[in-house]
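Got some structures for you, see below.
Here come two complexes built around chain A, the first alongside chain B, the second alongside chain C.
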Partner chain A sequence: MSEQFSRRDFLKLAGVGAATTAILTGCGPASRYVKREPYMQMPEYNYNGQSTYYATTCRECAAGCGLVVRTIQGRAIKTEGNASNPLNLGKTCARGQATLHGLYNPDRVTDPIKRARGNTAYFNVDWDSATQTVADALKNYKPEEIAFLMGTAPDHLFDFVSDLAAATGINAPVRFGALSMFEARATLSKAAENLFGKAGLPFFDIGGAQVVFSFGSNFLETWLSPVSYTRGFVGLREAKTKKRGYLVQFESRMSQTGGKADEWIPLKPGTEALVALAIGRLALESRGGALPRAFADVDPADAAAKSGVSLETLERLAVMFASTASLAIPGGPSLGRSNGLAVAEAVLALNAVPDNFGKPGGVYLSALAPNETEYHRPASTQEMQEFVQKMADGKFKVLFIHGVNPVFELPRSIDFKAALSGVEQVISFATFPDETALEADYVFPDHHGLESWGYQRVATGSAQPVLSGAQPVVSPFYNTRATIDVLLAAAQLAGGEFATAMPFKDEVEFLHSKLVPLMEETGGSFAAVDINTFAAYFQQHGGWWKLAGALEAPDTADVLNHDLNGEEPEFAEGEFFLVPFVSPTLAEAGANKPWLQELPDPTTTVMWSTWVEINPETAHELGVENEDLVKIVSEFGEIEAAVYKYPAIRPDTIAVPFGQGHTAYGRYAENRGANPADLFGSQMNEAGDLTFAGVKVKIEKTGKKLPIPRLESIMGVYGEALGKEHE
Partner chain B sequence: MIKRLFDWLKQPLGLIAVGIGFLAVFSVAAYGLSTTQKAPEQPIQFPHKTHIAFGIQCLYCHPGAAKGPAAGIPSQAKCWACHQQIAKTETSELLAPLKEAVESGTPIQWVPVAQVPDFVHFNHRAHIAAGKNCEECHGDMSKVTIAENPQVFNMGFCLNCHIKSAGEDQAKLNKLADCGTCHY
Partner chain C sequence: MATVSDLKITELKLSEAEGGKWGMVIDQDICTGCQACVAACAMENNIPFVGDEDSGYGRSMHWIRIERFWEGEYPEVKMTPNQPMLCQQCGSATCEPVCPAFATVHSQAEQLNLQVYNRCVGTRYCANNCPYQVRSFNWRDYQRPEPLPNQFNPDVTVRRRGVMEKCTFCIQRIHKAQDKAKSEGREVVDGEFTAACAQACPANAITFGRIDDPESLVSQLSKQAHGVKHLEELGTFPHITYFKGG
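Up next, the complex of A and B:
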C-alpha cells in the first residue's frame, strides 16, 4: 500500500462498495423470482414435483446398454443404467451420462435444411418439401443408384432400410463407425472363422478368469462393450469367492486398461503375435509333452530379442499362464497392423493352453441377439474403401447418410469428402451439424436418441441374448422427424414398388412388426399374447431378453493344427511408431458434449485438447518440452499437437488420441485439437481392417507453445522431476 | 491523495455530499426491499377470489399438495377444460393470454409466489396429512386476486408452527424441531 492510500482506507472503501453492491443487487426481485412452465397437458401418471422414469437404450455407441432416464415436468434430468438390462446391470459409462448434453446441445439441427455443399449458410425447408425431396430421390433414380450409409446404431432403422432395400432392389445399407474400425471387428471375426470355422464376435469371460493376458485390448475404455467388460474386470479383481485375479497388459503405450494392470509389458509394436506364440510354446514346454503345430515354429529367444521383452519374463509369464485358469485377449492397435489377423489368431490360439474355450473364464462366441439370424458385422474399412470408390466413380447417384460422420471418421487417405462430388444428391439425417452434414445437399434431422423409438441388438457383452428397447423419454424439442417416418411418407409419395414395400402407418407400427416374432419364443423376460401388451412391457422393461445364457462354445478341435505365423508387420516410412488410440472419454462422437470435453483423460488428465505422448527420454533427445507444439508427419499427412511427456510409453513410440480435430460439429467440438486419422494410410490387413497403427511418423518442432489444460499439475508426478533426472 | 479526500469529506460541504450519497444508497435499497414484498408480475392477472367464489377447491387445481412435495401449477389443459365452456373467455381482455396460449400451444410462464430456498425440503403432503388447511400458510385466497404471501416463509415461521403442533409431546417435538426434518 502506498503512503497516500493506507490499507485501512482500502478496506473501508472496499467494505462500502461491497455492501452497496449487495444491497442493490441481492434484494432485487429478479434474484428471487423464477418462471415456471407447467405442462400444457399433463400426463395422468405424472405428479407435480415428482420425477417420472423411462427405460430406454443408450445411443452413444453401438453396445446397446439400457438406460433409465429421470424426467421431471417433461424434461430429461439424469440418465442412469437400467438395472434389469442383463448387459449393463444398472451401470453406464461417462458417455452414457453425457447423452443429455446431446439432447440439450445448442448446436442441434433444429429444422430440415438445404444448403450448398460445404457452405455453413443454409435455408430452412418444410417437412412436406423435405419428404418430397426424398420421394423424388427414390423415384427418379434407378434402384442400384441409391445407397444408404448408416452408423452402427440404431438397429431398428438398419432393419427398416434393409427390408426396404430387399423389397425394392436399392443397395443394401452399409454400416460403419470409427469405433468398429479401431476395434478391428472384421479381424476378430475373421480370426474366429479361421480358427473355429465360424465367423462371429468372440466374447471373453474376464470375470471368471484368474489370469488375463491382454494384447493391447482396451476393454476398460471403448472396446466392443466397455461397461460389460468393466464389470468383467471387477469380477476378475474381486477376491471374495476366489483368489484376486491378475491382469497382464502387452502394449507399447500404457492405456487406461494398461494402467489398471498388474503388469505392463511394453513390447515393440507389431511383435504381439510373436510374443503370444512364444508364450504358448514356453507354457506347453513347462508342462512337457509334444508341441502342437501352432507353436512348433516359434523360437522364444528370437521372440524375446525382437520384442524387447526378456526371455526370463516370457518364461515367467508362460508358467503363470499355464498354471491356472487363464485367458488371452487380442485387441486394440495390435490388430490395426498388416499382421493384425496373425495377431488375433495367435492370441486366440493361446487360449488352447488352458483350454478355456466355451468354459467359464474363457472364450466364447457371442450369443446372437433375439431377432437376429446370423452374425452381422459393420463394414470393414476395406469395404468402406470400395463403397467410397463407387461414390467417386459415380455409381451412386443418391446417398442417404444416417448416424455416422465418415468425413471425420474415415482417414483422409480414403477421401470421403472428395468422393462425394461423384454423387448427385446427398441427403443426411444428422441430428448434429457434423462434417458430413456440412457436405450434404440436405439435412433432414432425426430426433435425438432420447426422443426416439427403436431397439438395439446387443452384439456382445452379455451371456443372454438381449434386445434393448428405446422409447422417447421427452417430446422432441425441435422440428425434427424420425427418419423411418420420413422414409415411410416418401415411399408413399414415390409410389410404385416403394408404396407397397413397407406397409406401415408409422415407425411404431414397424417396430411392433419386429417384436411380433418374439411373442412366440419361450424363456423370455416377459410374455404377452397380444402385441400392444407385449410392446407396453417392452417399453416398461427397456427391452426383451432371454433368461438363459446362450453363449456359444467355439469348435476348437483344430485350433492348434493351424500354421500360425509370428511375422512382424510392415510399417510405412518414418522414425517413430505411431499408436493412435480412441479417447476413452470422447470416442468418435463425444467432442460436442462439454461434460466429456471437461472430463480429464484417465491417463494424462488432459482436457479439451489433443496431445502427443512422448517418452521423456525421447523428448529430451528431440529437445522438446511439455506443451511444445510439434508437427507429426507421416507419409500420408500431418497434424500438430502439444507434447505431453509420458513415461509409460516406449521411447520409439508416440501416441495420439482420436476424438478431437473436428472442423464442424458445433461450438464445443470445432477447431479444437487435431485428428490423428489424417496420418493414416489406406493399407488394409488381411481381414480388410485398416492398418491404422501401421504407420511410422517423424516429429518436427514448430517453435510454438500450446498450453494444454490438465487436472494434474505440470510440476506433478511425471513433470519436472523426471525431466531433470534425464538431463 | 486518499487522505485529501477524507479531509475534504470532513468539511461541511463534504458532509452534505456524504449525506446525499448515503440517502441515495438507502433509498435504492429501500426500493429493492419494497419490491420483494410485492407480488411479482404474472402473465395473467389470475383472480383466485373469483374461482373460489365459484366453489372450486384448492386441491382441484393444485392436486399435488395432497400427493407429493409440490402443489403444482395447473396445466393449461385444466384451465381450458372449464374455460372453453365459458362464453366470456372469447371476449374478455383479461382472458386473452390464456386463449392465445392454448391456441398457439405455448406454455404460460407463471411466477411462483410461495417459495422456500433450495436447502429446505418442503413437502406439502405431510402438512395436508397432518390436517393443515391451505389458508393457514397461504392466507385467505378468497380475498385476493393474484396469490400473495401473508407472511415470509422463513425458518421462524415454520418452526413456530412445528413447536406449537408438538404441544407437550416430547417425542413429537424432537421429530418436528429436528434440523434433519427439513434440511437433509
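Up next, the complex of A and C:
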C-alpha cells in the first residue's frame, strides 16, 4: 500500500467494496451476518436519551383503537392514541392509558408453569416441554375432543385457530367476553336481522343527530367502542354549525352517560320497549296519518301507567322526537332482560319515525373490516352455556383458553369452574394469573399485548373499514412466548394433519399471509407491491384502512310491518330490581391495574371497591347509611357490598358495578369487593343473551361497616354527615 | 400612603399576572367524566397510586380530578357538568407567598407556578392556601413494586415522602417542544404539542396552548363570551377558562 493511500481513500474503497457486495448478493448491508456490538446492549432502534415511537393496537377491549407508544431504551413509557387510525383519531380511554400497568404488572405469569388445579403453588417448566405438552394434547386426542375458548381480542389468533380447526377437524374456536355479554351483542345483531333482514352490529351516527333518545345505552362508558362514540357525542353537542344537540336517557339508574344527558327519564326497569312504542305512536299521531302495524297496538296511557313516566312527558318527548333529526339507541341493562330482544327491536324501529336509516345522524349497519366477509359476533351467553355443558359432559378432553377469564366473567349459575372437572387437560395461555389460569393444569403465558404481533378488526365505531395492526413496542419482559408460535411448533411435533395444516415458519409469516389479500384491494390507506414493504407500512401506520366510508344502509322496507312486542319482562323473585353495570373505569379486566383502581368512578367517585347504589329514601326506610355493609341476596346467590346513597336511582332499584370481586388476578385485584355476576341467574333472552338485569334481590343488614374510599367529600352528597346544625 | 409610582408598579404586576403565557380551555359541556385525562396525567408524570386505605383518607394524588355535584332530589335530580379541576397556574397565585422555603415560585420565563421538589420541606402551607384544592402531598414513600418503575417517564422527577406536588402543565413537554423548535431555528407552532390530559381526552374537551398568542386556538376560545374562570374574584388570575355545560 503506497504512502499516498490515505485513511479516507481506504474508507472510500471499503465503501465501494461493500456496495459491490450488496449489489452482487441483492441485499443491503442489513444482511451482514456480523455486526458491530456496542458495549451497552441496547434494544434495536434505541439511542440514549431519544424516544422511539411505535404504532400498535390497544388490547384492553376488543374495539381495536390504534396506539402510538413512546418507548425509551427499550421501555414503554406512555401510550397515546394513533392520530391516523380512523377509529380513535389519536384519542384513548383511561384503560388504554393504563395498559402499561398491565405490561409492567408485578403479578404477571413470568414462565410456563404446571400446577395442580386450583392450587396457587406451581412449578416452572421449560418451553420445550411446554410445546411437547401442547403437541401431545393435539396428537393424543380425537379432533372433536379438542376445544379452544378465546377472548374477543386479538383477531389474528382467532383467525389462526379457525384455520387450524378447519384444516384438522378440531372444534372451531368459541369467543366470549363479559363486555360482549353486558353489551348484549347477540341481541343487537338478532334485532338487526329481524328488522333489516341482515345480522350485524348497528352503528349509530350520534354526531349527526339533533336529538338522541338512548334507552339505557352506556355509549360513553364501555359500550362497543366508547372512544369513537364519545366523538359522536361531541358532534351531537357542538354548536358551531348547528343547534346544540339534545340527549335524553331512559334508564332506572343514572349511568355516566345518563349524567351527561339533558334529560334523565327514570322509567321502571323492563318498560323500555313499551315506552319506545308509545313514543313512536304519539310521534306519528302528532304528524297525523295512518298508524303502521308496528306502533298500532300500543296504548300510550297504559305505557305511562306501567313505566311511571307521565303521559304529558311521553307526549312532549314524542313531539320533540318527531320534529327534528332524531335517533334512538337501544343498549345497556334494558337488553339484558327476558324481553331484551323486543326492546332492541322496538327502539330500532323507533328510528322509522324520523326515517334516519342509512342517513347522516341515523342508523347504519357497521362496515365489515378489510379481511372479513361477514359479521362474526362473539358467543352469546346461551352458546357459552352449551359450551360449558359439553365440558361438564366430558365431550371436550382438552381445552385451550386464551384471552378470557370465564371463571370470573361468567355468572356463577353457569358454573364454568365445576364444568372444568369434566375436561382432562386444561391449558391456559394467560398473561396474568387470573381465576381461570388458576384452574388450569398448565399456563403457557402469551406476551402482553404491547409485546405482541397481531391485528384486530374494527367491528364498529368507524365509517371506514379498519384493520388495526399490532407490533411489539418492547421486547418481551419475561419468559413468555407468542401463542401462535407455540401452536405452530406443537403442530409440527404432533405430526400428521397438524404438521401440514399451517405451513408457516412463525407468527409473522402467518400474519403476512393474512395481509396478502389486502394488497390487491384499491382505495386503501397505502399500497405496496411486495408483502415485506406492505407489512412494513402496516406496522409503521398501525394498520390498514379504506379511505372511503363503507357503512351500510339497512334494508328498511319491512320495518314498520312487524308486530312489535311491548310486554314487560319476567323477573326472578325479590324486592328490588338489580341493575348491574360495567364499571366504566375497570371494565372486565382492569382490576389488576393499580392506577385504574385509583381512578374515581365517574358517577360516585368511589375507588378500589364495590358498592351498592341505593336511593337515599330507600336507604332511610331500610335503616342503612353510607358504608354500611349489606348482603344482597338473589335467588341464585349472594354478595356483600357497602352502601352508597345514590341520588339518581329509582327507589325500587339498586345498582352494583361489575369489575371487582376477584379471587385471583394479582395483588391489586384479589379479595377486593364483590362480583355481581354471582347474583345472576341463567335465564336467557330470545336472542340467547343472559338476562343479567332480570333478577330482583333482597337486602339484608349485616351490622358491619366497610369504608369505601371516594374522591368526593365524605360529608355525603347533601352534606348529611356534617350533622343537623348544618342543614 | 401609596405613592403614584407604587401604584404603577402594582398595576404593572397585575397586568403581567393577568396575561400569562400558557393557558387552557376546558369545555364542560362535552367532558364526559371518563377519567382518561386523570390516567394520562398519572402515566405521564410518574404520579404514585396510594392504595385503598390512603385514598380513603383523601390522600390520593390526582393532579387533575373530575368534579361533579348533584342538584335537586330524585326524580328531579341532575348531575352538574363534569368539571376537570387542576392547578389553574394562577398569575397571582395564593400558594406562592406562603412558602417559607421558596419551593412554590413563579416562573418568569414560562409564567407558570413551579414546585421545586428539592426545596420543599413539606409545611403544606401552599396546599392550605390554594383555593382550588389541587395540590397533593406525598404522605408516604408510596411503593411501586418491580417492574412497575420501568414505566417511569425519564423526563419527570420522581417525588418522595414529605414533598408537595401538583400539575405542571406538562412543563417537560413544553421544554421539549421549545428545544426542538430552537434547534430548528423557529418558534413553537400552536398545536405542535399538548399536555398529556388534552392529548388523551376522547372528547377533545381540553385545549392547551399559548394564551399570549392571539392567533392560537386556546386564546381564541378563551375570549368567547361564555367562558368563566373559577374564583376569579379572589384576584388569582387563573389561566384556565371553563365553558359551563348545558
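The rule is short, and it goes like this: the second predicted complex is superposed on the first by the 669 of 727 C-alpha atoms of A that agree within 3 Å, B and C clash if a C-alpha of one lies under 4 Å from a C-alpha of the other, contacts with A are read in each partner's own complex, and residues count from 1 in each chain.
Keep this in mind: a residue touches a chain if its C-beta (ideal position, glycine included) is under 8 Å from a C-beta of that chain, and two chains touch if they have at least 3 such contacts.
Being a predicted model, the structure only gives us computed values, none of them experimental.
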Which superposed partner A:227 touches (first chain B, second chain C, both, neither): second
Which superposed partner A:47 touches (first chain B, second chain C, both, neither): first
First, second, both or neither for A:142, with chain B first and chain C second: neither
Per-residue touch tally on chain A - higher for chain B or for chain C: C
First, second, both or neither for A:106, with chain B first and chain C second: second
Which superposed partner A:256 touches (first chain B, second chain C, both, neither): second
First (chain B), second (chain C), both or neither touched by A:34: first
Chain B versus chain C as contact partner of A:595, first or second or both or neither: second
Chain B - residues contacting chain A, complex: 1-3, 6, 25, 28-29, 32-33, 35-36, 38, 40, 62-64, 67-78, 102, 105, 107-112, 115
Footprint of chain A on chain C - complex, ascending: 29-30, 32-36, 38-40, 42-44, 49-53, 55-56, 58, 60, 62, 65-66, 68, 70, 73-75, 77-79, 82, 145-154, 196, 199-205, 246
Contacting residues of chain A [partner chain C, same complex]: 72, 75-81, 88, 90-98, 100-101, 103-106, 220-221, 226-227, 230-231, 233-234, 237-238, 244, 254, 256-257, 259-260, 262, 264, 266, 477, 584-585, 594-600, 602-603, 605, 607-609, 615-617, 647-651, 672, 707-711, 714, 717-718
In the complex with chain B, residue positions of chain A that touch it: 4-6, 9, 20, 23-24, 27-29, 32-42, 47-50
